[in-house]
Amino acid sequence: MGAFRLTTEPIEPFRLESELENTVTGALVTFAGRVRNRNEGRDVLHLFYEGANEIASTEFEHIETEARSRFEIEDIRCAHRIGKLELGEIAVWIGVSARHRGAAFDGCRYLIDELKQRLPIWKKEHYADGDSGWINHS
Amino acid sequence: MGAFRLTTEPIEPFRLESELENTVTGALVTFAGRVRNRNEGRDVLHLFYEGANEIASTEFEHIETEARSRFEIEDIRCAHRIGKLELGEIAVWIGVSARHRGAAFDGCRYLIDELKQRLPIWKKEHYADGDSGWINHS
Amino acid sequence: MQDQPGAIVTVTWHAMLREKTGRAQEEVSTRAATPAELFLELAARYEFSIPADSIRFAVNGEIVSSKDGLQNGDRVSFLPPVSGG
Amino acid sequence: MQDQPGAIVTVTWHAMLREKTGRAQEEVSTRAATPAELFLELAARYEFSIPADSIRFAVNGEIVSSKDGLQNGDRVSFLPPVSGG
């Protein structure tokens, strides 16, 4: 099993984090992105995420390889939720362990930045006014 | 109760993290620093941390104020363990929530960097060869 | 291009393109030489309004250049601008 | 400085300084005008080898400048180089 998974089940940070705690590595940096109640001034009721699983997994492997070549990373876990998400739920979680904190911070930041730009995952927001729409990061 | 605590009890990230999840803020970045089995080529058996509680709390408040003025941070939690620590145990934990991930990453990094430089906390390492010594970051 | 033999590829639609086409997957017979050419062909058929240069392409599970070749039996995905994370 | 009245302050020792002095806390009667002066006085008494300019000072629970004044009844901490985190 790779470091990345798309999942329809709620993301459990503590379970993923425990997978990174098997080695004594010094530093662990985690990022969790949760569903916000407002986006660009509109009240969000809930979200729907769609993902292309096989392509996302392959692309994440490329991102992981890049991160490992740039930073002295020990281990990585990443999960992205798909399906319907309520406010406050975790949409994406990344954990990076490293011997030193600089690599853990930089690696985690690199992974989330690249993930948002590159992974084939799409968000549709449903608003309080009944409207809905696909979101475009770029 | 402030955002900072020195504790002789094992640090429970999930409990601290749940204190940051009450508000819907989008991004959460956490840092955990754990006891490594080696430092500067020597085998570490265990550690002892000593802290000056009142001074550390006051100084952390200053660091927190600085971080909040620099970055758009929503909330902060930080715990530092004191007393005897075994390999792999968490020595320090920091969690920062923010509306946007940049502030959460930058804020968390600022807090750990300043904490290491400024808080009156001292580490004594006990080595496999029976030796021990106080560590000096600077 | 007219000399190329036709290929049958499986196209997967995602997100707004899936909603626009009303289907998740279809088999397409095409003489397009590249994913980009195939997209233009299908964009005309479905009357997409999305700019073609905002689309990325995946073939057989991997993101590829718009100029990569298409083979008979390929699985092709058209990836509109993403918004994960 | 000779004209200053003496003060009684409570000194707390930490880490390597606590081990060197063999005590966590003591009351000190001093004519030192600043934490830095007080440290030099005590460093001579205890024969510290640690460089004085590596020490930070806290008075009444807050880190202060080495040139801050000392008052009767102050609680003074000498902070050797730290290694938290």
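To keep things simple, chains are lettered A, B, C and D as they appear, and every chain counts its residues starting from 1.
The rule we apply is simple: a contact is a pair of C-beta atoms (placed from the backbone, for glycine too) under 8 Å apart; a residue touches a chain by one contact, two chains touch by 3 or more.
In this text, all values refer to a predicted model and were calculated from it rather than measured experimentally.
Student: Report back the single chain whose CA centre is most distant from the CA centre of subunit B.
Tutor: C
Student: Taking the mean of the C-alpha atoms as each chain's centre, how many Å separate subunit A from subunit B?
Tutor: A distance of 24 Å separates the two centres.
Student: Measure off the straight-line distance from the CA centroid of subunit B to the CA centroid of subunit C, and report it in whole Å.
Tutor: That pair's centroid distance is 49 Å.
Student: Give, as an integer number of Å, the spacing between the C-alpha centres of subunit C and subunit A.
Tutor: The mean C-alpha positions of subunit A and subunit C differ by 26 Å.
Student: By the touch rule stated above, which residues of subunit A touch at least two different other chains?
Tutor: Answer for subunit A, listing residues that touch two or more other chains: 33, 112.
Student: If a residue has to touch 2 or more other chains to count, which residues of subunit D qualify?
Tutor: none
Student: Spell out all pairs of chains that touch, sorted by label.
Tutor: A-B, A-C, B-D
Student: Please give the residue numbers of subunit A that touch subunit C in the complex, ascending.
Tutor: 33, 49-52, 54-55, 58-59, 80, 91-92, 112, 115-124, 134-138
Student: Can you check the complex and tell me which residues of subunit A touch subunit B?
Tutor: Listed in rising order, the residues are 13-14, 17, 21, 24-37, 87-88, 99, 101, 104-105, 108-109, 112.
Student: Once bound in the complex, which stretches of subunit C touch subunit A?
Tutor: 12, 14-16, 18, 54, 56, 58, 61-63, 77, 79-85
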